[in-house]
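Heads up, the next two complexes both have chain A, just with different partners, chain B and then chain C.
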Partner chain A sequence: MDLSILIEKSVLVVILFSVSLAVAAYSTYAERKIAAFLQDRYGPDRAGPWGLLQPLADGGKMFFKEEIIPNASDKFLFILGPCIFMTTALMTSAAIPWGKSLHLFGRDISLQVANLNIGILYIFAIVSIGVYGIMIGGWASNNKFALLGAIRASSQMISYELAMGMAIIALLLTSNSLSIRDIVDQQAGFHWNVFYQPLGFIIFLVCAFAECNRTPFDLPETETELVGGYHTEYSSMKLGLYLFAEYTNMFISSAVISCLYFGGYHFPFIDSLNLPQNVAAIISVFVLFAKVCFFIFFFMWIRWTLPRFRYDQLMRLGWQMLLPLAIVNVLITGAWLTYFK
Partner chain B sequence: MGSSALVLLTICGIAFAAGGILLSKALAKTSTNSQKGETYECGIPTTGTSFIQFNVGYYLFALIFLIFDVELVFMYPWAVVVKEVGMPAFVEILVFMFILFMGFLYAWKKGALRWD
Partner chain C sequence: MKLLGEDIVTETGEFIINMGPQHPSTHGVLHLKIWLDGETIKKIEPHLGYIHRSIEKMSEKMSYRQFIYLTSRMDYLSAHMNNQACALVVEKALQVEVPERAKAIRILLAELSRIGSHLLWFASVGLDLGGVTPFFYAFREREAINSLMEENCGARLTQNFHVPGGILEDVNPDFQKRVKEVIKQLKDNFHEYDEILTGNVIFQNRLKGVGYLSKEDAISLGCSGPTARASGVVCDIRKSNPYDGYEKLEFDEVVLTGGDSWARYQVRMAEMLQSIKIIEQMIDNMPEGDIVAKTKNVIKLPKGEFYQRVETARGELGVYIVSEGAATPYRCKYRSPNFANLSAIPIAAKGGKIGDLIAIMATVDLIIPDIDR
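Presenting the complex of A and B:
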């Protein structure tokens, strides 16, 4: 590999990294502001204009908090848990195409860290490893509530992974490719997959909520019954990593939803304007981020709209409704493609 | 080319997680107190072992998950080629899904999918 590509990729990785972290940090601000808006309050408004510096203040606070590791815990695993969760959350961003390629210094620069031909499988694999972060952290805490929270989290995540995978298979039937860039490019114009796979999209969306442990699926950290859930014993930056990784997961799943079902960086009619390549690339990045922001808002909107499920309801929804529906969706799509076309 | 960028991103991820913890360790003040090391749990001293019994349902769901996950892995390559192969691929997956769905219905009927 020649040096210029290495530099290009390094710069891209650093930018992507900072952007994910910034989006995750400002998601916490957005969460509080949107909660305040929906509940007719002001929300954070003291740190900086409109409280805009609040995430920085929160982050700074996390660094200066004393680190407490309980004597009864397994110390190595206690530290390993949040590290795995954070690392996996950041790694998933590699397979997502963030925009059309730029043309700089006489060559095309792709705005994707790795154009994997198995991008979807890569994301699924990394997300599955993320479950270990919660499970290890909850188990190592040596605490009843953390253990229950961790078991709930892993059980919930594996249950909804199935329906999510089935929804993806229906999408793959039409796309013929596992590469996310291919799937995005097939949706150029207004051929968004959501119009062809509405049922698959709804299943995928519900499962994404469950995978991110967001309300109404936030059973692993129900403060009314499990104190703090799997991170009850955590403090200082290790707690910060858990919370941060959750928001990063939300950002990445919004990006995946946008790419798979809402055309990613494509927007109708922009292609027909014949803009210069670099301008088109920058616009495409903004288009994708607008979609991602909408879905992050949607995640927060749902949080203040729906109450939490009971665990038996959550399991029934996952196994007895979403999974059969997803299988039927695969069969209908398969029949349509092979018989009617 | 893609894989080395992935390695780079992984290293950055690990560095961020480890760096955060180390930085916090370096910056934060510490004081020693024998009560600080106690398990917090819900605020009062813990009783008994932390490794409590929990619902057997978690195991059952994990087992069914394993079966379906393996099946899902088989379906990914199928899904990518079904457009080219056409009808035979669809009939074959119907047979596969039928057998699997019977197992799913059996588990459902036996009450393995009921949570109580």
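Presenting the complex of A and C:
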């Protein structure tokens, strides 16, 4: 393999890794600030200017907390759970195109770690593995509340993946490609998929909430019912990994939604400005991040506004409403493609 | 299946979990032992005694001026009403006539604390069902009420303001103005509660048809207050056995027949508006005059048994005193609303889901220190 490609990809991986973690860390800060904004209070403002160092203080606190592994737990699996969850959360970002190609050192550098031709399937596969992190963690704790939380988490995530997959199938029918970069490039010039697949987008968005375990679908960790849900027994940085991975998941979900339905790094009018390649590439990264930030805000806005579902209502919504709707969406899309194109 | 040497699954395959004494949604040290089949609740057994402070026994060692203030620590959100019940039973025994001004202030403070208590309940319903923001909405108004209490009674939570024969001190000169401000703030903001929680479809689905308590059950379990009134039981003491001049006031007893958590929610929301109505009638017509009737320095009740009940924010509080003619009660017994209302939970939650139990506990609105005393 060409050494320069190896270096290029390694640098990109390191940058992506740190950006994912930084965004996840600052999502916790944003969550608290947005909650404060919606609840008419200040939020964290002690650590650093406007409380900007709060995520570092929180992270540091997590590291210094006592590490408790219950006697009754399965120690290997107990440690494995958060590791899987965090690893899978960070892996998904590889298939997402973060911007247009840069032109540096006489070569084009793609801002995507791997332009997989099955990018969407890859993301789905990795996300499905993430469920094991929760299941294993909840089961290995040997705690009744954790077990209930793990059962809820696994059934919820598996149920909502179905509807999510169905919503994606309709999208794939129109795009004819599983590569995320292809899908993004097809949307250039305001041909955003959300206008062609509004129903599919809504289903995908609801499922993304469920996949990220966010309110109103935060049943696996309902603190008022199951104390802490699957992470009841976790402490120190293992708990930190679970919480952190959830924010990473939220970041990745926002990126996937932006890429699949909102044109990814494309924004109308900017494409037609004929900017130099590198400037255009940097702007495109900012465009994608602006979209991602909007969706992260949207996730938080919903969380601090709505109460949560009951477990059986959640399952009913998944199986009896979203899944049939998604199937209907596939049929409509198929019929439309067959007769009008 | 065993956990730490103890069976966690019964012979019939039911999974036993202990909710509490440390659990986020029991609001205190209530301990519920729950038999589960999957997520469905088969049986609930409440375990008490984690916050027993022997208030009844302590009351027997204290004089009739002192024992009143222990009751602020029972249902701490209805401190004024609890104090009022104790003051009333002593007044009844001594046959003292309370001055009109004291009666008016008593009612105003009682209704303000009823609103404050219901606001806290509204906040915690939202919180228990996953919506954190309503908490801050409700606490904005509760804060105003608490400040008012602090200005006049010196305490924000466990107010001690009643003495046998009246009240301890006259209220501040700007009391009327401040109450009007608080009431205006509450009325201006009340629609926001409906917007953020009452009108929410997810929230309604969590409460409608959940935790049904029939009228017969409510009566036979001795439920009272909004919990019983939501099941169609007419039981407002302010109407049936008026005290301190409630008979002169115009207000409605809110009775619904739904019997489910949604009915309990609506009863409490409507009661807040009724309390506002009472306060608005009183606040411009506060009589002038004494605030306390003259009583002896050392109060000795005549020999006999005395009982007085009042309507607290959670239901009927009864104070029963047996006097041997001494300066302390021979026996003091409190009939607390929460103890009786607690017994409704196992019946209402049976067959429901874990999430329903949370909704039921939230809408029955238990105060744990009042259960144990």
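A few comments on the model shown:
By definition in this document, the second predicted complex is superposed on the first by the 341 of 341 C-alpha atoms of A that agree within 3 Å, B and C clash if a C-alpha of one lies under 4 Å from a C-alpha of the other, contacts with A are read in each partner's own complex, and residues count from 1 in each chain.
Criterion: a contact is a pair of C-beta atoms (placed from the backbone, for glycine too) under 8 Å apart; a residue touches a chain by one contact, two chains touch by 3 or more.
If you're wondering where the values come from, they're calculated on a predicted model, not measured in any experiment.
By the document's definition of touching, both partners, chain B and chain C, reach A:311. By the document's definition of touching, of the two partners only chain C reaches A:224; chain B does not.
In the superposition on chain A, contact is made by A:144 with both chain B and chain C.
When the two structures are aligned on the shared chain, A:99 is found in touch with neither chain B nor chain C.
By the document's definition of touching, of the two partners only chain B reaches A:90; chain C does not.
Applying the stated contact rule after C-alpha superposition, one finds that A:51 touches neither chain B nor chain C. Of the two partner chains placed by the overlay, chain B and chain C both lie in contact with A:72.
By the document's definition of touching, of the two partners only chain C reaches A:40; chain B does not.
In the superposed model, A:200 lies in contact with neither chain B nor chain C. Looking at the superposed arrangement, the partner reaching more residues of chain A, out of chain B and chain C, is B. Contacts of chain A with chain B, set against its contacts with chain C after fitting on chain A, overlap at residues 72, 142, 144-145, 148, 227, 311-312. In the complex of the two chains, the chain C residues touching chain A come out as 3-4, 8, 15, 17, 23-25, 39, 126-133, 135-136, 140, 196-197, 200, 202-203, 205-206, 353-358.
Those residues of chain B lying in contact with chain A across their complex are 1-6, 8-10, 12-14, 16-18, 20-21, 23-25, 27-31, 36-42, 46, 50-52, 54, 57-58, 61-62, 64-65, 68-69, 72, 75-76, 79-84, 86-87, 89-90, 93-94, 97, 101, 104, 108, 113-116. Only residues 35, 38-41, 72, 142, 144-145, 148, 215-216, 218, 222-227, 304-313 of chain A touch chain C when the two sit together in their complex. Residues of chain A touching chain B in their complex: 1, 5-6, 9-10, 12-14, 16-17, 21, 62-73, 79, 82-83, 86-88, 90-91, 93-94, 113-116, 121, 141-145, 147-148, 151, 155, 158-159, 161-162, 165-166, 169, 172-174, 176-178, 227, 232-233, 236-238, 240-241, 311-312, 315-316, 319-320, 323-324, 327, 330-331, 334-335, 337-339.
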